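First comes the structure, then the notes that go with it.
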Amino acid sequence: MTQYQEKAKITRFEQLSENIVRLTLYSPDIAAATKPGQFVMIKAGKGKDPLLRRPFSVHQTTSDGHLQILFKVVGRGTDMLARRKEGEEISVFGPLGKGYKIEKSKPACLVGGGLGIAPLLLLAKSISRMKMDTSKDVIILGGRSADEIKALVKDFKQFGIKVLVATDDGSLGHHGFVTDVMKNTRLADDSVVYTCGPEMMMMAVKNICAIKGLQCQVSIESVMACGMGACLGCTKHTKDNRYVHVCLDGPVFNAEDLKWNL
Amino acid sequence: MEFVRNGDEIFPDLRVNIGSLELKNPVMTASGTFGYAREFENLMNLHRLGAVIVKGISLAPRSGNPPPRIVETACGMLNAIGLQNVGVERFIKEKMVYLQGLQIPVIVNILGDSIDEYQEITERLSGVKGIAAIEVNISCPNVKKGGVAFGTQAHMAKAVTEAVKMKSSVPVMVKLSPNVTDIAEMARAVEDGGADSVSLINTLIGMAIDLESRRPKLANVIGGLSGPAIKPVALRMVYQVAKAVSIPVIGIGGIDSTEDALEFMLAGASAVQIGTANFINPRVSEDIVEGMHRYVIDHNLSSIRELIGALEVK
Amino acid sequence: MEFVRNGDEIFPDLRVNIGSLELKNPVMTASGTFGYAREFENLMNLHRLGAVIVKGISLAPRSGNPPPRIVETACGMLNAIGLQNVGVERFIKEKMVYLQGLQIPVIVNILGDSIDEYQEITERLSGVKGIAAIEVNISCPNVKKGGVAFGTQAHMAKAVTEAVKMKSSVPVMVKLSPNVTDIAEMARAVEDGGADSVSLINTLIGMAIDLESRRPKLANVIGGLSGPAIKPVALRMVYQVAKAVSIPVIGIGGIDSTEDALEFMLAGASAVQIGTANFINPRVSEDIVEGMHRYVIDHNLSSIRELIGALEVK
Amino acid sequence: MTQYQEKAKITRFEQLSENIVRLTLYSPDIAAATKPGQFVMIKAGKGKDPLLRRPFSVHQTTSDGHLQILFKVVGRGTDMLARRKEGEEISVFGPLGKGYKIEKSKPACLVGGGLGIAPLLLLAKSISRMKMDTSKDVIILGGRSADEIKALVKDFKQFGIKVLVATDDGSLGHHGFVTDVMKNTRLADDSVVYTCGPEMMMMAVKNICAIKGLQCQVSIESVMACGMGACLGCTKHTKDNRYVHVCLDGPVFNAEDLKWNL
């Protein structure tokens, strides 16, 4: 796998809700190389503080060299990034990590919660292109409220895959959790579940999969310094108490290989 | 102006000598911040480096500390990786082949719990093709002495140096800990012990606390502070050590630009190591080599060596 | 919830004790960063402070170092003021009158070249109305011992403490230097010497170089590093010292917010001092007092003292 | 003297030339209290790096609560400040230092070079208001080129005081230095010279004053941490090798009291 470091121009800035932003970057080398579930490292500001880059899943790529990230303002780095303007350049490197392993011959169930929806858009596109039959596939998206996910739901619908929605406040789709929807959805026995979202949600998804006997791929987070295996900072425990590195061995893992301790 | 031939291109003279080791330029990557070099092969031209220093190697593999292992601080970061590494055998088998293929000097950073361990690992590395030097990390706790770091006691620092020197077939660079009252005393001790050069600084010991959970942010409680925040301390120590010893000094600490690197050389460093900056700009070391190239031309220097210790102090 | 009456207002309980000295809140201003307090009278309400610590005072006036005396670094600054001060006589005559008028404890930071000088100045301050405590800056060079700082040798640190204690009519707080191998050892030494409390950290020794002129940026070559850059080191040292001694510990280093201050308290500090941050936001100390006020209410604490040393380390 | 700390809104942003910016801030308390030659301390960005505030002379104040600064982008702080936008707030405190001592009964000669022109505008306004007769007064302004000072020259003309100009490249006024103009201008024997500019220029002005026997007030610079006498960092040598503090004892000094060593 080849990585690139690019000065990427911000070609589009979308404020999807009060604190959710989608940036479109012109970053042709990285965009061309990225597979679903992979991420990039971005320098939020120019100065030495905050010092480290921030990891973001690639949300979408286009064949004309654009790459999107979708993020929520949670701290200083994302706040600075949310103040950048169209036309400005930011430093990006990637693609990094191991993404989702698409099982072409098996029904897919994508489950995204909150910002965990980010990597699933590129995944949905890839699935729609790689698979002959997506009639048994389903995408389940969840968020706090319609505000947070309305714009995204529209984007997912373009692939002709069934999209189900849940919101905490019932303002869009099912009133409740994605896991409720998942439980109530008939999934083929050989379905593969691809998920990303808050740890609580992913654990619930994993548990449902365990019960139903479904394969479950989760995309997890960790604080990162380098994003490329150089600092050894991004460790997580496996089920059998070994360490894996999220940036190298993940961010996508088989749910059952990890230790879940909430 | 003096020129050096390097492959097809003609460069201004960036060569420096670390004792008997000649580097084509003064820029090395610091241990633990550059993996085993291969991680960076797509993002920079590894052949432009003066030398590469690999992640610290111990006798047996080590799995390191539990997470969280890193936390960002003001203009810096704390790490408590816990010296995770594949161990000397796997290093030689799995990592050296790639490194041998690079046309640059490879320096192996070693660490141990006891003087014996330092010595055994040196023995094991002795004769392995492609190792240009050994860098001895003496910031590790001496298990036999209740966990006091080798690098904080002059006699222990000297003893480790002597032990490694006895077994090493290549030059030995000793990497000093900054967590001491008198860094010059430590430098003199390892010089006495036969070190061919000293590198400094390793990380300053620090801590971060999460107010909400009332817990340390690092699972290991304390960690090593690196990055621009520590540069002033590193520069001061390099200056003090360069005055105290006659072996070459290698400057480390918060370097992220050509200017930073050259400041360390003015303070007395013959070469520099780039650490944390590799995470922020993976091709920073190559950029610094290029910056030095331009600097030597623009300032009409006959060699970059003119800058070493050239600080004017009235 | 327990309430304390303070003038007309009712506050949540922010009181802390530094030995026999009771402060209405844990926020003090650090020596050398707050002048003689009067400089800030227009920009904040001085009466909100837990205590004010004035610029270090020596026996005779000192004119300090030549300029440049300060330089900014990454998330920090270096200073080499050179202990400029008006001397103890003028301090008492010119500065104490104003300070006595303030309704807050005044702590006088003292410094000297020799143990005798520390003792003489303590004697001179003894009995002066309005002095709540003496803070002993032991980061100064001991002229009789070739300029080695008192605070870097346990026996000298202890000797200074004993000498000051012998003459002092008020509690003695000893301010530790971070430029040592083992800060806990220093803290224990001054505790043995009779210190009523310890404050830490003073500045880390650092240096900055101007590449263009090839000169140090400070006329004094080296200076003291302060500000957010040093916070992780300060927090670690406070944690280590709080475990090592039984006298109260006062945390200093890079504090610029309520969160920072409370982190030091979790690490074991009974109170904190605000230094460099005063330059950036002259009313930062008052803001931090207000922040603590809100914190205690929001978190339903019976007293801010609940936080002291409350760090949970598995 | 009372100081204030204010969150001042940027009400006007003027890019006077490629790297010279004039900011108008709504800062009523500071504006009302400022005397010519005093300065303010400004936080250029939000983060911890650069850490320290930057000192700027007050360029102009208005009775409706506005205060202006005029500055050149020379480093990180001024660069950040030059990127702030109208409507944003910045933290300012002041007024600080001792300004010019206006001699009401004596002819005034203001000599400003480059960014040293900044404090002279407020000084010119005060002089025009305080003095009965400004017919013997003169303002001499110098810069690299017309570009740099054209806009400023216009502002100075509003006070009805004679304005003379010099530029290094001759693109406006005299081709040469302000000191040339000063030498060739007949100044009354009791004139007071008020100057600010590059150290080289001020020294030359001081030397001319010494020869002509004129009183000369200079506004000098120094690196500052606090701007208010708390850090003791901003020392300069006096003629007799004592120290003064630029922020407290200055920034305006009698030229002859200082040590000039270039």
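Note that the chains are named A, B, C and D in the order they appear, and that numbering of residues resets to 1 at the start of each chain.
In the analysis below, a residue touches a chain if its C-beta (ideal position, glycine included) is under 8 Å from a C-beta of that chain, and two chains touch if they have at least 3 such contacts.
None of these values were measured; they are calculated from a predicted model.
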_Neighbouring chains common to chain B and chain C, by label_ = A, D
*Using mean C-alpha positions as chain centres, tell me how far chain B is from chain D in Å, no decimals.*
48
*Measure off the straight-line distance from the CA centroid of chain A to the CA centroid of chain D, and report it in whole Å.*
54
*Express in whole angstrom the distance between the two chain centres, defined as the mean CA positions of chain A and chain B.*
37
*What are the residues of chain B that contact at least two other chains?*
74-76, 227-228
*Multi-chain contacts in chain D: which residues touch at least two other chains?*
48-50
*So what shape is it, when you link every pair of chains that touch: line, ring, star, complete or other?*
complete
*Report the residues of chain D in contact with chain A in the complex, numbered from low to high.*
45, 47-50, 76
*Mind pulling up the chain B residues that touch chain D in the complex?*
74-75
*Hey, which residues of chain D end up touching chain B in the complex?*
48-49
*Contacting residues of chain C [partner chain B, same complex]*: 73-76, 78, 152, 179-182, 204-209, 211, 213-216, 221-222, 225, 227-233, 235-236, 239, 254, 259, 262-263, 266-267, 310-314
*In their shared complex, at which residues does chain B touch chain A?*
32-35, 39-40, 42-43, 55, 63-64, 66-72, 74-77, 79, 81, 84, 227-228, 256, 276, 278-283
